[in-house]
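Same chain, two partners: chain A is paired with chain B first, then with chain C.
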Partner chain A sequence: MPIYPKHSMKSRLGSVISLGIAALAMIYLSYSLPRLLPGDFVTAMYSSSQVTLNAQQEAEHRAYYTEEPGFSRYLLRLVRLDWGYSYAFLTPVSELFLSALPCTLLLLGTANIIAMFIGFITGVEAAWRRESPFEKGMVGGMTVLEGIPEISTGIILLVVFALNLQWFPAAGADTAYAEVSIWVRLATIGHHLVLPLATLVLAYFPGNFLLTRNSVMMVIKAPFVTTARAKGLPPRRIRYAHAARNALLPLVTRFGLRLAFMITGALVVEKIFSYPGLGTLLINAIQARDLPVIQAVVLFSSLIVLTIILCLEFAYRIIDPRIEHAH
Partner chain B sequence: MRIGEKGFLWKFALLAALVTGILLSTGPLVFARVKEVRIADSKGDWGYPNPYRHYPRGPGYIRMSWVFDTLIWKDDKGYIPALAGKWTYDPKALSFTFELRKGVKWHDGRPFSSEDVVFTIDYFKKHPYTWVPMGSVAGAEARGKEKVVIKLNKPYAPFLADIGGVLPILPKHIWQNVIDPRKYNDPKAFIGCGPYKFMDFNKAKGTYLYEAFEEYYQGRPRADRLIYIKARNPIMTLSSGKADLANIKPDMAKTLRKKGMVILENARGWNKKLMINHKKSPFHDRRFRKALAHAINRQEIIEKAHRGFGSPASFGLLSPDHEFYNPNTPIYDPDPAGARRILESMGYVKGADGFYTRDGLALKTEVLASNITVAGESVADRDGEVIKRQLEGVGIRVDLVNMEQATADGRIKKWNFDVAISGHGGLLGDARILNQMILPKVTGSVNSTRFGANEELVKLLKAQIAEMDISKRKAIVFKIQEIYADEVPAISLYYPASMAAYNPKKGIRWYFTKGGISVGIPISQNKMSLVK
Partner chain C sequence: MHIDFHQRVFLDPWFITGCCLALLFGIVTVLGPTLVPFDPWDMSFSPISPPSATHFLGINDGGQDIFSELFFAIRNTVTFGLACGLVALFVGVILGLIAGWMGGIVDMILMRVADILLAIPAIMVLILAASLFRPSPWILALILSGMMWPTISKAIRAQTLTLKESLHVKAAAQIGASNWYIIRRHLMPEMFPLYLIGFAAKARMAMFMEASLAFLGLFEPSRKSLGMMIAFALKYYYMDIWWNWLLPPIVCLSLLIMAVTFLAISLEKVLDPRLKEALG
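Take a look at the complex of A and B:
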């Protein structure tokens, strides 16, 4: 895929076509890969059951619950926006998917935005104050934090703030079936969001900080920054409108890719905090060998990646017009 | 104030004190009603709570049991009346007669009658519900509105355990026109006559909401709302008051007891088991299986992999807490020297490296391990590592393979394994579990040994199911345990300690059901806790 095309219209069309081909490949993979999983739905459901099946019952269950549509029929269904039915729930996959999506968007979207915003500001300030105690302290601290996996951060937060201090709830996205007003409910959702969100922000923020700081350091001595200083522009304007803007591309790429992996990105956090979302939906579907649900989540996840890559292509040109004329 | 009024007030106060005294003497909070009860579960999603849509695991059945009642039920002491107040068995007519309670209503207000029971029997015969084997049932007949006779086509000893106490009764007026019950998801599909009405199931969040059925025939349930929430850490959930009841790991008991929780420990009804591929050489040789049994030190597994929380299992499969347990079941003490002697008698020769070979081939086995689901909770352990070390200590080379449970189950089912660590419950329920876990024609469970090599064993298993005389049946089951232990088609390793904790402040007493709920579910969520 050409990153720096010669003619913008042609190159944009080229990007869209390449991504279209990639999307077709993804659709095929989303169909075929889950089928390579060993085991099947009936075995997964009944293996630890209190009841046992005889051969006839097992065959009948397998015929009833599982289906083999074939790739062409699968493709046709997708065109009609029909994602099939979950084996486990016998309800449309889209219904399951849409019920899990809001929590994922809320958690991952908020975490990414906060981590990007804080990472960007602190990164720019640290680069501007290079060699200062602030910069050294931040770099040291962020390097350590970057090395701590989400699972550790999550468990520490859980033990300190949920178990010992009991400031925040340990599990779930809200208090299930609480009979409260909408405002109290929103507050409860926010209250439940704090710990998983903090875990993700602490996981994403150090990388954003280090990336921004390094990028700004690269441009801070560039002639255009010197010119801006010579023109007597206010330091904040020099930092953000001149230096930081030119250092923004890597951060935007990172932000986009983080969003693209939002389904798998929060698996660990969803597990630790029993937070509902697409990651949990996917794990449960894999454990139950619920193929239509696995297919849908895998496909959605890969299409999101492609869409965000396409969006990034256009965003680059807006953020940095040099890309448009690179050749 | 007149004298008469004063006398009345005095008498009233005396009466009130008397009533209060009586209430307190029967125990505190006996008649307490609570707004809601919350139960925590680490998985959350167990399917929709009706017979055809719940997941075929214990937690799924329990979620359904709040909504649908059965003819009889169990509490911590044994069988108790449910929809049927009395029941009798007539051996000559091969039939059970159930006298139904009066005044029972469905959640939609329609009256319950014997016709519903007859319909349910017919419907489950036509549309099988895998929890209830209907093969022994010839049919049912209503004798008036409050009496039902269920006829058997052959003697079936576990009738009450498998059918009477498991079969959820369906409302005829709703299900009579339902052609495909598995796809029936109308709100009416959740109308039962149990103590709670089903209100909501959130699939993404794994939460369930039930509301008390005001007109429940055994009295209004004690909690207005029953809520299941998904939460992985019972210590935090219970101590923060987010849940009132949860399954716990044994090492959490001390902490939770300090926080004022009541700890429940179940009888030994769930066993970790080493499945052996007895269709494959050298595992097809009983001597080799016995060598394995002697090579494994089960107490060491409990100590090292479970911090001592558990007890070695009976080699005869039934739990020592079962009324049919045979105390004379053969035992294989840990005896590495004895195991080596057996191997050498089979022609194995120990090499300089300490491992056995025969005909130039190394004695090598693969131990398949995975996280096992116990009472709905996925449990990780180090059993495989300990067993590997023990077998290698005897001289058997071991490849330890850890796999995700569904993958491991798939391999066991297809006999694509040597030995595999598995496990199952039901060891406190009816002795039919022996047939389920031994007979060769069972295919759906990966925990069944599917062992048909011993004809006497197969014959006895079939005989015990048909023996209606309890003492005669007990004698047969004793013999089955002896033969099974002698054949060692699988090795029952240990019973892990199974615990739950609840907050007593709501005045509700939870307990583990005698023999397990329904077919033997080892979970302390008996609906009678919220009824009586």
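Take a look at the complex of A and C:
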């Protein structure tokens, strides 16, 4: 295969450009779509309240809440971190966003890391013990688990462990207004985290397992593995340093993309367990027609996706030096 | 990629299980309206009653027959998934073929557009569209398939590039076959296995999305859907009727996603040339 050293540079530039366009597209979508919506905040708010506004008050409110900044000014304000005030909560959007972000990061980050770690280890071991009962059982079990959506697992866990057995709390991330020491507080947070975390791990783990197993299977017959065996290396070293390292790439891609789509990935699970993360924030904001919050969540979740995809592009070259040369 | 997949695939137990389940759901989807005993929108029964001989799964809080509701919900979810998969497959195959065969600037533009679409989270666009405009499910299906074609067309493009260099395609070009003739007679039939893999994967994703959106309450409430039935039933968990109201839609949704997953995984195992070599 001929080698084009220039191409690698070009393709990197190309991916940066296309990600830039995608970012602009998302910013424009988040700017324009909510503006086209049929109802507005004033209607949504005052139709459900006891307060009656006279015509002048209503006009003033409407003028205030539907002020039209124009796309270029919107962009400028975005860069200045001036994301506006939430209509429904009357607090700066950035404050709401930053208070919900740690919950989502904690839930999704932990779930992804655990699922990736277990999936990787079991996947490598299963590929190594081909045709054994362990491998066959794991593959069967994981294929079935892969077919169960997280709505189902989440609700079954919720009904069984939170509502019937009452081992774990059914909602929230922390006990409100409790003044306790830091350790007790951490334990409470962990207690609240168990069920949503288990749901997400059960949802992500089978895919990781199957992917690792398949990609390790592909390299396990490669000549370099035979060489490693012939050198008399210990089996664990062959498995992890030789075979698994070459199968790491698809798994890293999956991990990155899962993290990238973290807000959207947790929407359903956060809703089932009423976990106060970004997904819940988004759903509440949509129901209240809280325009600035919808914009901020949609926009930043998309920008996180783009940033992580960009990081992946560069991470590939570190993990697998062949890519740098093989383009 | 001439693979004699008919025999290989029918030996795979996963494929057989998936087919049986898919057949079951297919029957429910096609014959659903004639099989149900009651109109699922009929609210004339006494609310929240337990299962009986006439109402196999009891009555929900709105006085509607749960069994009939379930059949209509399955029908909606399945048609949404299949429609999405079909449109995404059609667009993906056409654009992938064009990009691979024409090459040059067309290829570059199409693949860049695909990259951009891949970087945009589909469910965000769907949530925005569904919550702000309340469009019909068909429009949402169309939007979703508009976001899903890039992976299919990337696979088709890669295979087109390989096939372009193969002897029989070059021979066809030598005897003066037109571009359209080569694409129609040589490229399209040969990539048939890829269509199956792509279609199964996309249909699975679409059904999953439909269930999530319905669970979050982003479809109109009168449209029966598995996700929405789960969301409504969950509100009455304390009433000890969860096994006849909450459980059926959960089991159906899981079986449905399982059927498509089994088909997708076994097709991929048998048809993907690289995997086939490794797995023997």
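Quick note on the criterion: the second predicted complex is superposed on the first by the 292 of 327 C-alpha atoms of A that agree within 3 Å, B and C clash if a C-alpha of one lies under 4 Å from a C-alpha of the other, contacts with A are read in each partner's own complex, and residues count from 1 in each chain.
Methods note: contacts are C-beta pairs under 8 Å (C-beta built on N, C-alpha and C of every residue); 3 or more make two chains touch, one makes a residue touch a chain.
Note that the structure is a prediction, hence the values are computed from the model and not measured.
**Q** Based on the superposed arrangement, let me know which partner A:Ile21 touches: chain B (first), chain C (second), both, or neither?
**A** It touches chain C, and chain B stays clear.
**Q** Which partner does A:His191 reach: the first (chain B), the second (chain C), both, or neither?
**A** Neither chain B nor chain C is touched by A:His191.
**Q** In the overlay, answer first, second, both or neither for which of chain B and chain C A:Phe261 touches.
**A** The second partner, chain C, only.
**Q** By the touch definition at the top of the document, which applies to A:Thr91: first (chain B), second (chain C), both, or neither?
**A** Touch status of A:Thr91: first partner only.
**Q** Of the partners chain B and chain C, which touch A:Leu306 in the superposed model: first, second, both, neither?
**A** Only chain C is touched by A:Leu306; chain B is not.
**Q** Between chain B (first) and chain C (second), which, if any, makes contact with A:Arg77: first, second, both or neither?
**A** A:Arg77: touches no partner chain.
**Q** With the two complexes superposed on chain A, say which partner A:Gln166 touches: chain B (first), chain C (second), both, or neither.
**A** After superposition on chain A, A:Gln166 lies in contact with chain B alone.
**Q** Once the shared chain is lined up, is A:Cys103 touching chain B (first), chain C (second), both, or neither of them?
**A** It touches chain B, and chain C stays clear.
**Q** Overlap the chain B and chain C contact sets on chain A and report the shared residues.
**A** 37-38, 163, 271-272, 286
**Q** Along chain C, where are the residues that touch chain A in the complex?
**A** 14, 112, 115-117, 119-121, 123-125, 127-129, 131-133, 208, 211-212, 215-216, 227, 230, 234, 237-238, 242, 246, 250-251, 253-254, 257-262, 265, 274-275, 277-279
**Q** Can you list the residues on chain A that touch chain B in the complex?
**A** Within the complex, chain A touches chain B at residues 37-40, 42-55, 57-58, 64, 88-91, 96, 99-100, 103, 158, 162-163, 166, 169-173, 175-177, 271-272, 274, 276-277, 280-281, 284, 286-289.
**Q** Could you list, by residue number, the parts of chain A that touch chain C in their complex?
**A** Within the complex, chain A contacts chain C at residues 14-15, 17-19, 21-22, 25-26, 29, 33-34, 36-38, 143-144, 146-149, 151-152, 155-156, 159, 163, 210, 214, 217-218, 220-221, 261, 263-264, 267-268, 271-272, 282-283, 286, 294, 298, 301-302, 305-306, 309.
**Q** For a test of understanding, state which residues of chain B touch chain A in their complex under the given definition.
**A** 38, 40, 42-45, 47-48, 53, 55-58, 61, 128, 130-131, 182-183, 185, 200, 202-207, 209, 225, 227, 229-233, 235-237, 239-240, 242, 372-373, 404-407, 409-411, 413, 424-426, 436, 441-448, 518-521
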